[in-house]
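As written, the chain order gives the labels A, B, C and D, with residue 1 at the start of each chain.
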């Protein structure tokens, strides 16, 4: 059994790691930390876990994490970067769900996250944990930087087009929408049911922190400069991300449906939908699958890609476990085989 | 034009007063106070009011309220009781939407609200503003204590039965459910969309502050001791209260449908639904109407009353305006004539 | 008092006309027809109207419409075109909320709506009822074709840019999302709460009927050929449309905020939001206002316009009444002055 | 591997059986029938199953069910009763999720379901599949009648009180609320998102078909006559049932918390919550657990029991699989161990 620890277990990605690991055949969660809730049973905070875990939150300083083979960081940005070096030095693998090691350009990271980076020396070593792009590197990694929820959907959506070089990479549009769990489990007026319910709006129009990550990822795929307009929106649902991607085809002779089906044929968690269909966010609720449809409106030179994922699963905790499976040589879908909840 | 002021305009009952008064033919809102938002346009906080109000929040100490004919308190409990005496002394009428003057037994108030009452001398003078019960007293009042949202629904539902003395008053049950706006516009984890959405639960099972108010109101109607079990629940909707009331008939020979229709025939804001129908909360969304159905399951000795209201309108701001209309001799439905929003 | 009739009153645009006209100071609804519900009180079908209307549905053949000054068609496409000529011949004005007279190219209409047009001779005379574009023509019209819900939002959003000729009209994108009331009040599996709730998806990717209407409208504004990619999505809410519009600026030196504010300064129902803000659909729920924000992401050459409206009000019945007000010389905002319902 | 068949696989209990059985270690689904969808892949109708099943719907007459060890009926009432005898004759076990074999009094069944019963001779043999009550009989059964969703919650809630004989069984109240999936996957206006969303109401006040089943079950537990008032309500959520139960204690000296904890100590799918807490429907979403709280308001003689379950899992398909596990001597929680989805 792999011994896993979780840092910052009181947020939604923390409880989602616990939910998924509860049925993982090869993993035992042996430590979960929270400064504020130390001593409290996790099942007290998250009643869905009653009967599944006897575990209590412990203080991060308690040393419990040292017993682990792998530690997940389910923390806000800025936390992992100061703790990771000590864990790596003890031979513990780290899978960071936060943004700390996603951006290779440290200055760019500091500009968007408005603080100095505490561990720039590990940024280059960290592997960006998008298995569909970096599976081989993940296998060998000590430190994995899990992609953000929006970037996962945007990168998987544009990937086949950019790899083939058949779109104008200087003019991409990512119109994305996320359920409210993307905002985390923090008290705030803006995501009250009374404020975010029965409504829809764009937000962060001055610039969302996922933009530099999306741009970097698209450029890695394209092997050159990419320019993308990214507009996030807030959906009145708990879980789910939907990205509607627009690009202009430089080559209209390609069979888009086949391109996507071939590219993702062997991917366990990317499902290319039949031509003419549209993926619904509910079709991936609770599951690690990302579903994609691609079409050309009115057979013109625009290509539209529709991508859905559960922001807490493929967009966060599920993908983190997928990375762990790869890292430890387990079947990639271990613990991730349950179908999504529908209806 | 009646000059109206609002104290505590940043909550949901405050914005609802503004929404309703925007189309009231006889009222002009000339002051709205907020310590925290002084100087900010109200339409900045509540975009639905853009184009309807140029008004800015002012500091409560600014003296703006002194120009008013009537002042509404849309504040948490504990605020009105210290400010009301000064306003009354200046001849200004006060309509308090908070709980400060609802409970005649000051000791009981202090027990449930866990603080000393700052103005016990006015408690007796305050008129409990349920027009269907106290219309004549409201007409002559200086200080009106508007009923709570749950009590309004429970009192209107039991009223005809208790007035007639045909139920066992020692064993009443009020199973109520409220939309999340009842919890107010405060940052809190429990009413986040991610916590309260797509879910349903009871709460405050150790005792809800509306219980002593309900009991007092029912006893006023019954003219004697009443015992009621009250269990509130949280609905995953923005607006609406639904109360399902249960009692045992001591007299089964009464025509319940006629009883209710007759009692409420001349009430502008109580609508007795046809026999066999069930009121929906959405049928009163945004409107001041309370809709009621009454039936006897399997023609037995139980009577069930179904009551719906919009907690922010008939349960708060609309009823406050109804009280104001009565107080100032206006048509009782002035400014309150728009149908509810359906769908 | 203007005597108004409604054809097809059992759908959502029908009940919305009734809701709004209930408080219109200059209009009396004297007939509402429905083949299926003839004889039934409208308030029986729509409980929010209880106490507001005694009216019953009548058969369309009953002749009741002949007493009217104006008749609204709140019908599926294909109905108005066969009835309108008879009403016009009697001197009755017609405001058609359906798609029958929106498209000037009859062949194009027949292609998208898959049936022959029964009244091509009136298509040219019909005035496209977007007041912000055609106010003068509306004033003189006999027959008004009210815009579709999506087209209203897209046209108002692109209008200032196209009028100024500062964007590339050959490459526009309209990414729109609508609440489920846009699908009408028909029994169907796809819009059950269990299917459309807690989810989000694109639909009609093979081509939505509002596309030719949008293209025609944009071309009218631009005075030349326009090409637009339109992708509609289904929101898990009852009311509201949000359009996120993308275009490439050919002239980056323009002050977009001023452009929009100036263009819409005198428009009673278009509200340009402050720079840096984002409109929410809930800010227009139940109201006739369309709110717009405009911005340039990362100060590049893309312009993004965010537009919200209530699909049943500014997107249908409210705009129909706005048209009626213009047509009959009433204040344009008569009956439409209530603020939206928020929260 | 146990070979399982499903009759009527196009409804919500059908897809839920498939979702749960997809990860059951000991079961293989080898046939799923639907007259209307024969030949269509199940994953085509339910996209969450893409990648999990290659199975197509087959015609019920195809004989595919004959290969099965157990057949689940996920059909409307009236279907199973004509097909079950043939299957039993072939030695196939039957687990019926419909109401056909739940009521032992055939005349009562015919009265409530308004049709003659086609197979009265099997009614007595059928075992009512509530494991917490009938585990031993289930082990030996050929035909299991799975409890309805509401009855499961009401019976489990009252069970400890009735077994101990400490409440007045002549005056029970079950105030229940269900998510819209309880109404099934049928096109209807009443459960459209636009009709049932953002609203709450009671329904079936003239008598719900689960009433005789509840009464029978309570009487079986009590060993005598029981009278219950049952009022169901419709919640604007997809999944979840919440029952608030009221009774009068004849013995106030009992420790209710201990009573419930002891009674359900060894039950794998009943979770008694800590004193003072309230169960939320979301805490059981997708899981087979029923969570219960019990309390005495104001320490009086009323006892209130709060019960939540997922109507499609413990209220239907999960409980059916629990029954199958017992019947085939598998661990009772096989395939049912995943925690609920929260948030």
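Note that a residue touches a chain if its C-beta (ideal position, glycine included) is under 8 Å from a C-beta of that chain, and two chains touch if they have at least 3 such contacts.
Here is each chain with its UniProt name: A, B, C, D = N-acetyl-gamma-glutamyl-phosphate reductase.
It should be emphasised that the depicted structure is a prediction, and the values quoted were computed from it without experimental measurement.
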Fill in the blank from the handout: Quick note, more Cb pairs in contact for A-C or C-D? It is A-C
Handout entry: Reference chain C; chain at largest CA-centroid distance
Key = D
Exercise for the section: Using mean C-alpha positions as chain centres, tell me how far chain B is from chain C in Å, no decimals. Expected result: 36
Problem - Rounded Å distance between chain C and chain D, as computed from the means of their C-alpha atoms - result: 45
Handout entry: Distance between chain centroids, defined by C-alpha means - chain A, chain C (Å)
Key = 39
Fill in the blank from the handout: chain B residues touching 2+ other chains are 12, 181, 185, 194-195, 198, 236-238, 279-280, 282, 285, 343
Exercise for the section: Over in the complex, which chain A residues touch chain B? Could you list them? Expected result: 12, 179-181, 183, 185-189, 191-198, 236-238
Handout entry: chain D residues touching chain B - in the complex, by the definition given at the top
Key = 171, 173, 175, 177, 194-195, 198-203, 205-207, 211, 227, 229-231, 233, 235-238, 240, 242, 244, 246, 248, 276, 278-282, 285, 293, 295, 297-298, 300, 302, 304, 306, 308, 343
Practice task
Report the residues of chain B in contact with chain C in the complex, numbered from low to high.
Solution key: 12, 15, 18-19, 22-23, 46-52, 181, 185, 198, 238-239, 271, 273, 279-280, 282-287, 289, 291, 312, 337-343
